[in-house]
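Across the two complexes that follow, chain A remains constant while its partner is chain B and subsequently chain C.
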Partner chain A sequence: MKGMDINMGIIQNKKAYAVFLLPALIFYIFAVFYPIEESIRLSFMKWNGIGAPKFVGLENYAAMFKDKVFYTALINNLVYLVIVVVIQLSVGLLFAILLTYMKKRVTLVKTLYYIPCIVTTVAIAQLFRSIYSTEPLGLLNQFLAGVGLEHVATSWLANVKTVLAAVSVPEGWRFIGMYMVIFYAALVSLDPSVYEAAKIDGASELQILFKIKIPLIKEILLLTLTMCLTGALRGFDIPFLLTAGGPGNASEMMSTYMYKKAFSSNQYGYGSALAVFIIIESIIVVYLLRKAFTTREDREIKQMEKAQRKQRRRVK
Partner chain B sequence: MKKKTLKVIFAIVIPVFLFIQVYPVLWLFISSVRPSAELATKPFSLPTSFTFQNFAKVWSDGKILGYMWNSFKVTAISLILIVFLSATAGFALSKFKMRFNKAIYSFFTFGIMVPVQITLIPLFIFYSKAGVLNTSMSMILPQVGFALPLSVMMFVSFYSFVPNELIEAAVMDGCTPYGIFAKIVFPLARNTVITIASMYSILIWNDFIFANTFISDSKAKTVAMGLKDYVGAFGNIDWGSTFAAITISILPPMIIYFALNKWVTSGMTMGATKG
Partner chain C sequence: MILSFNQFYIIDLRDGKESMGSETGMKAVNFLKDMGQYFNDGFAATDYATAQNMFMEGKSAMYYIGDWEIVAMQDLYDQGKIDYFYLPTAEGAKTGANEFCVNSGIGMAFNAETFDEKTKDFALYIIDNYAKLFAEKQQMSPIKTELPQDVEFSDLYLRIREDMEGTGEHFLKPWDTYLDADTNTIMQDNMLLLASGDMSADEFVKLVDDSIAANKKD
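For the complex of A and B:
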């Protein structure tokens, strides 16, 4: 993540270096970079899977930017991403923080919260289909009726207005526990002496939380935010299983659209152009994120080191 | 924050979220032991009678065991490869003095930005030419490839806590780089290994996208795909059997999770900084 982690080694042995590094590197290049190269190549071709691919230049990309469904999928995907990331990180962090104040049954709560991420997406999709259902009345509509909001009840997956949120929530929901466990581990692994000193100096819990604890787990936050964003950008399983992008294209994601174009319509070239777009989109998002984080991070690391030195002096 | 405020927060927030997080899964288990007829009429009330008929039905057609074996194979082989490859590569990148380390490390972490969908079309074409569609290998390759960036990153960040003096001392005692890795550094990385293994065993077992793309033969199907079959095969009528199949399929990751629970939570940094 940071240049700091690297270049600190001391062993000087080229042969051993190659033995340790090359297997992973070769595997990685073949599994990740060969497909990227092939996707780019295919995106300039027209091919239905039979015969020889025909070179068509930028035709696929031109078609893509004229394709209304492409824009629908793009916007849907961004909405999906925002819903998923907000649910996963905010609720995950909130729970991790609350959990650090809990004395008893921490393990039990953690264990229970984590369960949804162990369940396969196929099961999750099935579960939410039941929750959203109208016939028989699903859990959500039953709940709404119970609190006097019958008029809000709808067929969540068939209603064009609600379907996008309905396919986003399950994905956000299922990983809350995982992010909570990661954040909790990071928070409890902090050296108590750092914030004990601040406490002695009269800092409130909230100050300690936002000024000391959260900045200290920034690296984990970046790691999880990256995980979370790339997870949401690849958002496929649950939308595909729940609605397959429907009704119409109301819940179409970039990846479900790509999948359909390639494997249902056999338009491998056009599908590849969409795949290339997905990769560019992901890279831009993560790059911007990383940029934003590192500049701020560097500044804060310096500040923190100063603060720590001060605290140490005070403790002495 | 005052103690009372905290208590109120716990009293309200924790149960509400516990309900949201846990009830749906619990409902899944309850539904699997509920007679199908009852499930159709009042699915959300507590069952009035328990039955294992649903399980018996799913078990007797015998497909689920095969699906689970396929999932197990893919998960186990992938995990071994992920841990082995990222532990060694991470070691090379953080404990060797080489000029290209930084560039290679960036090259690995670049993979985090790459969405898995990019592999589907090229690998599908490659596999069908090579005749390896419908094999475990077809799923293992992308699983491992896409797990490497994050796991290499985790190992590098762990190794950065292993003091260079320790390695220097070992070198002076005549220890080879292989010995340093096998006897000193890797054993220290136990928490990182378990963190990675537990995370990826869940993600790989649950994989749907690779299985759905590369597997069509029911002999090679993994359990996630198999569940989709069950849903289809039983139509919209026999929910009980579907839920029973789901319950069976999520037991192995549950067992693994409950067994490794304390390792996941102990986290990778703790063992490193204090060990």
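For the complex of A and C:
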């Protein structure tokens, strides 16, 4: 009880708050806030990297909404997002659930599945380039030939119809292990008495999973979805390494297009406008997600807490 | 592409006075379209390592690369299995086969405010020594140099060096250096689609014309 009192004391001490939060806050301001502010400022300029930037108002944004490639990149990015999120979360969750039924060698499996997350992106891109390749015949096309589906075999990264999915899958695949570990940690931390009671009442394993376990890890689902969605909206490295948005703009993402406009076309202003759009897009997605995950119950609880706090302040 | 452009056309194209769809422009566009069939399936996704392998294993007939791969080509050249040639010239061309732009390395810039004795020393050291040291490794130096006597250079190296020394009097700047960076990026992105048949000539022409109009210096 005494230990808890001390803890409460620190949390209520505003100075202690500041001391702990300040370093991270300063780092955040310099590493995140300042670049965003600079991007916003540059997005109102026309600048080719040399000489003085010229203020052009909203011209870059007007050009953006008239740019066909911008819409291609936006739609491609959404397709990429769906593929990445579905692979990472559904497969991650499935593996985590299966893992909870394992009694031995859990750590070994966790470690093995986690490995792709720590392999450098360039190596992963090279790995998938080999898998998709036609010359020499890559793993995927060899497999298709092996099971009698030669006619499906194609050069996955050069075919405009398959390239978008082909650059999305590696990104989805590599982080399955990470989401598996997060979901697994959440699932094993649940109080077994809750679902054991349900089991005694005759609930099936599937019912327990969907009606008890998954609702109980809702907060973790929100967290992982946020990580996953914002990660996919900013998706850059694997698509850029595999195809650089090509052929043409068939696998162009918002961020690869932004990079190209800023650093290949030397249009830093326009590139920054695209960057600002990515930031706004991510904020909107997270906002909608939080909205969707807040049930009426949560809102009522929040309102009650607010009222309680008010009352407490009045008492003081 | 170099074949069908003449110097005046590319300048007019840059200035927006000519369209990519004009007679000269269409010659280049159709040339690219026709070329597509000579590339292997999946060419758009081929990396340098694969391209080199395909050539060395005899799966592709031609490989367009710079002199930095001399060492890699040496064995097959000695066995008489591969060789190199000048790009053919078009009828009525303004430059001969030996008249072309030889890129010699990457440009380096100095800032007048920060250029001091130490930097000067460093620059001079590079100019004096780099070429010799690089040539000793059987590499073609971007700075002209006498060949060191104690190294036995291969026939292939000496032949290419002779060609380098023997470039003609005139050359035309490569066509892409006339265009703005944005148009170049758009052209390069979409040339592959044009060659693979995923984009029509008209679409390509429109993309280039629109980009030049949008990027014209006001």
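Methods note: the second predicted complex is superposed on the first by the 282 of 316 C-alpha atoms of A that agree within 3 Å, B and C clash if a C-alpha of one lies under 4 Å from a C-alpha of the other, contacts with A are read in each partner's own complex, and residues count from 1 in each chain.
The rule is short, and it goes like this: a residue touches a chain if its C-beta (ideal position, glycine included) is under 8 Å from a C-beta of that chain, and two chains touch if they have at least 3 such contacts.
This is a predicted model, so every value here is computed, not measured.
In the superposition on chain A, A:A275 makes contact with chain B only, while chain C stays out of contact range.
Judged by the touch definition given at the top, the superposed model places A:N266 against chain C, while chain B stays out of reach. One of chain B and chain C touches more residues of chain A, and that partner is B.
Looking at the shared chain after the overlay, A:T243 reaches chain C, while chain B stays out of its contact range. Contacts of A:P215 after superposition: neither chain B nor chain C is touched.
After overlaying the two complexes on the shared chain, residue contacts for A:L127 are found with chain B alone; chain C is out of touch. In the superposition on chain A, the residues of chain A contacted by chain B and by chain C overlap at 136. Considering their complex, residues 1, 3-14, 16-17, 19-21, 23-25, 27-28, 30-32, 34-36, 38-39, 42, 91, 95, 98, 101-102, 107, 109-123, 126-128, 130-131, 136, 139, 142, 173, 176-178, 181, 184-186, 188-189, 191, 204-206, 219, 223, 226-227, 230, 233-234, 236-237, 241, 255, 258-259, 262-263, 268, 271-272, 275-276, 278-279, 282-283, 285-287 of chain A touch chain B.
Listed in rising order, the residues of chain A touching chain C in the complex are 48, 63, 129, 132-136, 155-160, 242-243, 245-250, 260-261, 264-267. Within the complex formed with chain A, the residues of chain C that make contact are 40-47, 50, 53-54, 59, 181-182, 184-185, 189-190, 192-193, 196, 198-199, 214. Within the complex formed with chain A, the residues of chain B that make contact are 1, 6, 9-10, 13-14, 17-18, 20-22, 24-25, 27-28, 40-41, 43-44, 81, 84-86, 88-89, 91-98, 101-102, 104-105, 108-109, 111-126, 141-142, 144-146, 148-150, 152-153, 156-157, 160, 164, 167-168, 171, 176-178, 180-181, 199, 202, 205-206, 208-209, 213, 223-225, 227-228, 231, 239, 242, 246, 249-250, 253-254, 257-258, 261-262, 264-270, 273.
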